[in-house]
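The following blocks contain the structures, represented as structure tokens.
Next come two complexes, and both contain subunit A; in the first it sits with subunit B, in the second with subunit C.
Showing the complex of A and B:
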């Protein structure tokens, strides 16, 4: 599985969304119904564990759209 | 005017919002004055709350104009809204413009507007309301149960005054919103700050997103409050790895904080140069009944502290006798001017007077230590029997939580079947054996229930009634 596939799998697991919803227009914090604070924090924990990285506060709080999670992982050195 | 808002210097900021807008105390008084002419002598109004200046303007103006106000979440699903509406038939609704899909069918005539909110006439006739009745709060935040707590102006003002005294809130404080306004604890922060002419930083943004912290830093917030889950989340987003220089204090209420987290927060606060207040309260007492003085936070972990100024506690045994010994548990009874008038289950109840006379049976079981500090040891209704033996569910949770600190553990179930709910698979498997050992009761009395996550409402409070539906796997002996 590629890193992007792993990322998408985690997003789908926590936000309970479909493949065609994996975009910035649909997946926005607090606008997409299942993306609340509780889910957000759990989802970040699994991303940290899966990719072996540590999200600083600023990384966690700026992750507000689908693509921003990918951007943060890249910044943390993940090849995605 | 309520909370003495008209006595504050008119130019002082009462509220700021992330879009850079400020509402002064003078502006708040003017808004109240201009709304007054649209209000009948005495009417019930619904205020659809959000953490925005418009929401607070309506709340204050309606009360100042003589209305009795029920606070509800502006995002309340329409089926739940309908249950409140159908039962209490308000004459007026104060709600945000453009996003009132849940009450739109009832908005007959727009009366006036302020910020992004409007006052609407519903066409419902006024009906008798007790002269003391000022505010109504729902007893359960999000289930739509129309049972309400009835509060007077004296309740609101006396509790705000006590809170200002023990938290030492003065006009230089700037609290940032982290809790819903229609939740008694969130509201108590708003009330106490308005009482002393301080400034509220009103933001609808969540603390797990950057805009909240940008506003926090820009406006140099001095305090915020949180339920236990707020602090668990703040810890998970690593907020306590850094300093918050503008912060004077944090408060916690809305359930017992795990003792380990209390110690951690007290230690972080000491390093940060700020204070940490553990507190205790209920909607039935307007909000606050007790606080743990921060200098004793590390000395007395697990304690809910002492009664607030103007309040008093006693412990009562099953026969109604007052307990005077330390370390002997009984029901916690609170007396003070902030005890609510009573409940309402239907609109006729809004005409009722004071049924409590300043005395509240809290339903919590507590005991004292040698210094007369109080400790909650259980909840009156949170007991069940296993093979004839009375079991304290709160005590069971504490024992298991010590062994499995990773995730929240909830004990429930029925007589002869104590269920242990947790999202931690190890705890779901191992808890029955631990409790059986500790209580010397056969393992058949226990079931470990693995759930996806603990169901919580918008305040982060646990939804006990939804636990069974969340169970994925059960572990029997």
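Showing the complex of A and C:
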């Protein structure tokens, strides 16, 4: 599995969304119905574990859309 | 002295100008978007041209949110959640209408303010509450909102209580075994920490080592005052029971979630760049001088979905100073003295009874 596939799998698991919803128009923090702050923090924990990285609080609040999670992971050194 | 950094960066003159400008904008915005708010501000003869300082702007009594559902969202807007403040079963609760944007702004503000005191590095997070508090995600209480909001500072969220409010000693011991060796965060409402954690440890003579913990608590002293427990005693007994020596308190309310006031290293509550604070004499609502106790008025730049940006509370406090706290943060610093006599009882953690209802 590629890193992007791993990322998408986690997003889908926590947000209970479909493949075609994996985009910035649909997946917006606090807007997409299942993406609330509890789910958010839990999802971040799994991303951290999976990719062996650590999100600072500022990263958590920046992660407001689907693609921003990928950007943060790249910033943290993940090849995705 | 450390550099003045956001969100504690604005010194008096800058902040006066900034708040006057932004709060006037918000006042006009809510007049335009909330019918009730416009009527109320019309009734007191609000005149934007007469505003010289944000202290001249109209404010609402915080209790009004118990009587009225005040919303500045378009009527067809369906995407909102409601947060209810505390209130015992016999009392009405405030209803706060939050859309996605306001919620996001609240979370950002809470994160920026909290990071100034807790650091940017997240810590294992022990919640002195029960798991069921976070089950309802659409209409939640101030308690839920606090637990969720602060969870951004935490990793490995663990609940210390079971749903019947009994201490889950096994969960706590496991947590401490894994994470107790370095810095971790304990969060709970003032009364919950006292009643369902500390008192249980004392009564059952349970030994726990929480010496690496930062205890963050807030939500009201009313019930603690009823028990005649002072802040000093609260801290002292926590230290004795489980070695907690680092205690941080915050002051905030469901009606202005996000822009909360944290206690600094010097024990002073700080007002951030997101908010303003004023103290008014209860007799005539004129402004108090530094050190003079009065009713606390809170202003926040965050509320967009409801007109809660400028509120007079029923809490009594006093301004201790501006821009010169030894901790180095700019802005007002103050203390909360308590609830004004005869004021309706109110305080988030005071009302565990209400949660089950």
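We adopt the following convention: the second predicted complex is superposed on the first by the 80 of 80 C-alpha atoms of A that agree within 3 Å, B and C clash if a C-alpha of one lies under 4 Å from a C-alpha of the other, contacts with A are read in each partner's own complex, and residues count from 1 in each chain.
Keep in mind that, in the parts below, contacts are C-beta pairs under 8 Å (C-beta built on N, C-alpha and C of every residue); 3 or more make two chains touch, one makes a residue touch a chain.
What you are looking at is a predicted structure, and each value in this text was computed from that prediction instead of being measured.
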First, second, both or neither for A:60, with subunit B first and subunit C second: both
Under the stated touch criterion, which partner chain does A:37 make contact with: subunit B (first), subunit C (second), both, or neither? both
When the two structures are overlaid on chain A, which partner does A:45 contact: first (subunit B), second (subunit C), both, or neither? both
Once the two structures are fitted together, what part of subunit A is touched by subunit B and by subunit C alike? 29-30, 36-38, 41, 45, 55-58, 60-61, 64
Note which residues of subunit A are touching subunit C in the complex, please. 28-31, 36-38, 41, 45, 48, 55-58, 60-61, 64
If you look only at subunit C, which of its residues touch subunit A in the complex? 79, 100-101, 103-104, 107-108, 111, 114-115, 120-122, 134, 137, 148-149, 151-157
Which bits of subunit A are touching subunit B when the two form their complex? 29-30, 36-38, 40-42, 44-45, 55-58, 60-62, 64
Which of the residues in subunit B come into contact with subunit A in the complex? 206-210, 212-213, 229, 233, 236-239, 241-242, 453, 456, 460
